[in-house]
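You will see two complexes here that share chain A, one where it goes with chain B and one where it goes with chain C.
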Partner chain A sequence: MTSSNAVISRASARKLVVATVAGAVLLALSTLFAPDRVWANLLVGSYYLITLGLGGVLFIALTNVCGGGWQAAFRRVPEAMTGVLPVAGVILLATLAMRLGEYGWHHHGEGDVGTFWFKELWLDPKFLAVRAVAYVLLWIAFARALVGRSHRQDTLPPTSNARIHAGMSSVFLAVFAITISLAGADWIMALEPMWFSTMWGVYQFSGLIQATLAVMIVACVLLRRQGALEGVFTDEHLHDLGKLLLGFSCFWMYIWFSQYMLIWYANLPEETSYFISRTHTAWAPVVVGSIVLNWIVPFFVLLPRPCKRSESIMLKVAAVVLVGRWVDLSVMVFPPVVGDLPVFGIPELASIVSMSGLFGLLFAQTFSSAAPVPRNEPFLEESLHYHA
Partner chain B sequence: MSEQTSPLRPPLVTGDKTLGDVTRDITAPMAGKPTGLWWAAFAISSTALLIGVAAVWYQIATGIGTWGLNRTVGWGFDITNFVFWVGIGHAGTLISAVLFLFRQKWRTAVNRSAEAMTLFAVMCAGLFPLIHMGRPWLCYWMMPYPNTRGSLWVNFKSPLLWDVFAISTYLLISAVFWYVGLIPDLATIRDRSEPGWKRRISAILSLGWDGSARTWHRYETVYLLLAGLATPLVFSVHTIVSMDFATAVIPGWHTTIFPPYFVAGAIFSGLAMVLTLMLIARKVMHLEDYVTPKHIERMSQLMLSMGCIVGLAYGTEFFMAAYSGNPYEQFVFKNRAFGPLSWAYWTMVSCNVLIPQLLWFKKVRTTLPLVFVIAILVNVGMWFERFVIIVTSLHRDFLPSSWAHYIPTSIEIATLIGSFGLFFTCFLLFCRVAPAIAIAEVKGAAHLPRRGGATAVSEEQAA
Partner chain C sequence: MSNRLLLATFEHEDDLLAATTAVRKKGLHIVDAFTPYAVHGLDRAMGLRQSRLTWVCFICGITGALGMLWFEHWTASVSWPIDVGGKPWNSLPSDVPVAFEAAVLLGGFGSVFALFGVSRLYPGKRAHVIRPRITDDQFVLVIGETDAAFEVSVIERLLRDYNAVETEEQIDEGGRIR
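What follows is the complex of A and B.
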């Protein structure tokens, strides 16, 4: 926060540090009375954070590959989001390490062992740990390469077009598609080791991109109010981000429904276990809540054009979606770890406060490390003057 | 309204065209007599269509016992062809609606013919379930309405019925979208043609288009609304087609990834078909300045990305089969890759996943004959994908006593040939009666001078 172009004041930075530390201490103390809940919160929180960082890289890579120009003006926002990757990666890996041994990813001797050879191999704790480290390192490496290139562009002539680097972006997209599918299966689906769904990877992707867009909306609007993106981030950009959020909220619902409907319709016991522990228990209202937050609210609110161009409405919808993402992740993680009864109390609040504070700090720090608007950007004029 | 466009963007139309040139070049193939090449293509495709008509006639008269289906393999060529053709149509909707919403201006070079393709492909697709009924003259029984057939009522729980709704909606919206897009161009044809039947018909079809600002404003509003309506259709149609399989409990059919995987596969195959047709059409109809190598490259990139998504889905299915520990699931996938129909499986993997990887190289994407070959192979691969999913999942039932083989009969092959005949006959007729490229949209997107290119102006000044 010592940088000259810091986007938050020292006082706000201090508040964020206090929130992060206080939340972390409270969470640590909670292990005394509810270790399972603390672990579940750590997994939800760190996965939430790391997927936001990854979402930043995804947005940059996608727009690079598609030759997008509209996002050039606020590109530093998704770039700053990638700043959370290393820290979130460490927390996530530490969380996994805590339970890697006794966790019981796979209960040996259950079912017909002959057909379980692959699961034995795949969920072997050592292999699992190696894979987790590999995913996180790959993500950080790509984030550094893509963001680094964009920062270097600031000092190069505008015609050099060095930042686009569609080649590396498209390689990242391929790596991302494979790693997010596997990581989602390793870290969350394997919490219920007998359950499986081929849709899982797509489901992870849909939540990731939805939350990424919501964070970008919040960050861009706040930075415009603060001044860093004033006159740069326009209502046209806000409108387009709103359209994307509307579209990907529908995509999330489409994927969620397709997975649920096919399992419900076929009614096979090895598949329904996932939904029985979530829709036939006290979790049912929470599942409904996640649908309301992730789809019903964004869909109906964002349909009219004026809503997508209104700062205050967009902020509220983005906030609803971000809460929805937390609820969605909790519905995935809590039932197998904590049990059939939904809980919300000190550990959950502490984790949310701590992780939000951490995200704010890391985002502000990364954003301040470069010019708020890319210099020498060949698509900048296009981005500043375009109409949604 | 002048928009800011980065100098890095390649021009959409090459060859120093003026607005007048665009109209002249695109309407040129419709004026005058068809070329010998057109007649040759038309003769081949209408012969194929006739073969199909004869085959359909024979099988309806005799019964669908003329097919190679048996008690184990209850779906074969019929549903393979159905899914194949529905998929082909999807690129049309993607290019015309989704890329429109994403402001990808290069779509203007191909959207018209891709939309026409959608219509013809859906017609071909509809043919197969219709003849599969055995008594196609009773097809109106699929419509839910109060009737005098006692307790006979459609089964709303069946995905096959959802298909009826999804595909008829799709056909309707695609047709409206295509027609609305044609209106300004029909007016152009009306204004350019001599008095006579051609002018009279285009005058009726262009609905009194006057080119005023108010007309344009309303037209663009309708077009945007239709694009918004058509976008969910890209997803819904093939999602529901995938549910024909995925709601069953057959290993190899019942898997949750099917909806998005089928949608991606459909777009993949559709793009391959658009590329196949446009690479020929641009040469034959002299439209190289409108469908430039840059357009081909963009479509190749899209095709590559869809191919990778499809490849990821194949991988996911195998991974989950191994991971699940379910012996039946594992058997189906082992059987796919190493069983008696493994040749079909490996044809699919080679054509859909391995060969398209060549498109990562710019050199390949810009070598048009190579793109053409890859596009044809993707068409083949996507047909085999449906064949693999349908037949390999069925032919080895849970009980080995019910294992059976499936060999298509000549009637089934003739019907498939006939569907290609129908598709290409319709497409060739379309090229004769409507502009193959959306004239008004190209003009709107490409920022061309009203008359005389930069060079023409300087020559005038020099004179």
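What follows is the complex of A and C.
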């Protein structure tokens, strides 16, 4: 981190390092008394992190494809989010490797349930591992290419190469749609290989984009207060990010309910197993909690226009959504790994502290590696003066 | 005494925006602004108050959702209870999609018809185009007289600083601009 344009002080960086390391040590020690919980936390945490990084790439690619100009002023924020991808990828792959043998269809496919050749092939642990590496490498490659272009533009004469950005971005969007659906199914849905949902891919996407927007809001507001985006990130940007967060919170609820209602209606035993272990156990209040955090709070708070333009309200709503994302992921992962009883204690806290610290560090480091506002950006003027 | 109006014509959006801001800063009364398309930021420059249409939409939406929930409950479990797939008569999940659609429908229609009502738009209404080119490439700002500070020559000089191509004085005949 170069000290010239570092966005956090040495003292805060040290605090983040301490949080990350202390959390990691505590989590490692927790394997002595609760190995399942530690593994579930690692999966939730690393998936949370990697989807935030991926969400950064998605936001850049989406706005490039649309020819968007409004986001140019704070584009370095989603770019900095992609900085977590390599580290989060390593943690995620290591987590998968720890229990790769427990993934797979075979030990479920014996006995009276018969075998199904495609699941046997697809959920083969070795193939699953190869795919996981491929997804992560693809995401990192696209992130580097898109962010690299943006950084290089800072030193180039001011010509628009928006079209080149759009070309690669549209390829990424296609790759993203396929890989996030498959990755979500491979890493989380396969924890219960007997169960399946065709809504799963879009459900993963809805949570990803919602949390990404929330992180962008928090990061932009904090960077404006700190000074790096002062006078650059305007209330208009905040307002539009608020609209997007409101919209995608509704989208998350829409998708969540669509998945729930189809399963509830058809009432087929092989489909209901997912909701039996979540809404007919002690997890039910947690499921309700995730709906309150991810939809009810953002929906009603973000409806009025003044709320979307208020820094403090937006920070709070974004924080609620980020907690909601954690709860949502926990509801996906914990029941099959840990059991029917929701737990919250040292491993969960340690994982949250460690992953948050890690995200903060990687974000700050990546953000500091380039100019806080893009130079030679043809859309910058538009972004600084538009009305939401 | 009848009040006077001053119509100023502009060729560019930016000139209109700047002129509107300047005129309002002088404390003059802005009657209306005519533009070929929605000009971003003009509402703020004119000092228009926040639209109340969002409240109409919200209340209509809530009414649609709650009304439809009640109606579904009444039809499916009170008036003529129906057993669908062994589900309880009053099953909330099956009511949600229709309640959602009713919220969208009522919210949408409510907002559109409230807008029509407030702006007095109805089928067959004759278009009142004050200048033909405001539907094409010109912008017109209408300033109204409220007190003795309305000195036409002074305002005209101010507007010319913002590249007004034409100014015209009119007598206000009950808010109807010619």
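Everything below uses one rule, namely that the second predicted complex is superposed on the first by the 369 of 388 C-alpha atoms of A that agree within 3 Å, B and C clash if a C-alpha of one lies under 4 Å from a C-alpha of the other, contacts with A are read in each partner's own complex, and residues count from 1 in each chain.
Operating definition for what follows: a residue touches a chain if its C-beta (ideal position, glycine included) is under 8 Å from a C-beta of that chain, and two chains touch if they have at least 3 such contacts.
Nothing here was measured: the structure is a model prediction, and the numbers come from that model.
J.: Quick check on the superposition: with chain A as the shared anchor, is it clash or fit for chain B versus chain C?
T.: With chain A as the common anchor, chain B and chain C collide in the superposed model.
J.: Between chain B and chain C, whom does A:Tyr265 touch in the aligned arrangement: first, second, both, or neither?
T.: Touch status of A:Tyr265: both partners.
J.: Considering only the touch criterion stated at the top, classify A:Ser197 as touching first (chain B), second (chain C), both, or neither.
T.: first
J.: Of chain B and chain C, which one contacts the greater number of residues in chain A?
T.: Here the partner covering more residues of chain A is B.
J.: According to the stated criteria, A:Leu303 is in contact with first (chain B), second (chain C), both, or neither; which is it?
T.: It touches chain C, and chain B stays clear.
J.: Quick check for you: in the superposed arrangement, does A:His387 touch first (chain B), second (chain C), both or neither?
T.: both
J.: With both complexes superposed on chain A, which partner does A:Phe33 reach: first (chain B), second (chain C), both or neither?
T.: In the superposition, A:Phe33 touches no partner, neither chain B nor chain C.
J.: Touching A:Phe127 in the superposition: chain B (first), chain C (second), both, neither?
T.: Neither partner.
J.: A:Phe344 contacts which: chain B (first), chain C (second), both, neither?
T.: Neither chain B nor chain C is touched by A:Phe344.
J.: I need the one stretch of chain B that runs into chain C once the two models are overlaid. Options are 204-212, 240-248 or 402-410.
T.: With chain A aligned, chain B clashes with chain C through residues 204-212.
J.: Using the superposition on A, tell me which residues of chain A are in contact with chain B and, in the other complex, with chain C.
T.: 261, 265, 386-387
J.: Under the touch definition given earlier, write down the residues of chain B that touch chain A in their complex.
T.: Against chain A, chain B makes touches at 1, 3-9, 101-102, 104, 232, 235, 239, 243, 246-249, 254-260, 301, 305, 308-309, 312-313, 315-317, 320, 322-327, 330, 360.
J.: Show me the residue ranges of chain C that touch chain A in the complex, using the header's touch definition.
T.: 40-41, 44, 50, 54, 58, 85-86, 93-94, 96-97
J.: Any idea which chain A residues touch chain C in the complex?
T.: 257, 260-261, 264-265, 267, 303-305, 386-387
J.: Please give the residue numbers of chain A that touch chain B in the complex, ascending.
T.: Going through chain A, the ones touching chain B are 65-67, 69, 111-112, 114-116, 118-119, 122, 161, 170, 173-174, 177-178, 181, 185, 194, 196-202, 243, 250, 254-255, 258-259, 261-263, 265-266, 268, 270, 378-379, 381-382, 384-387.
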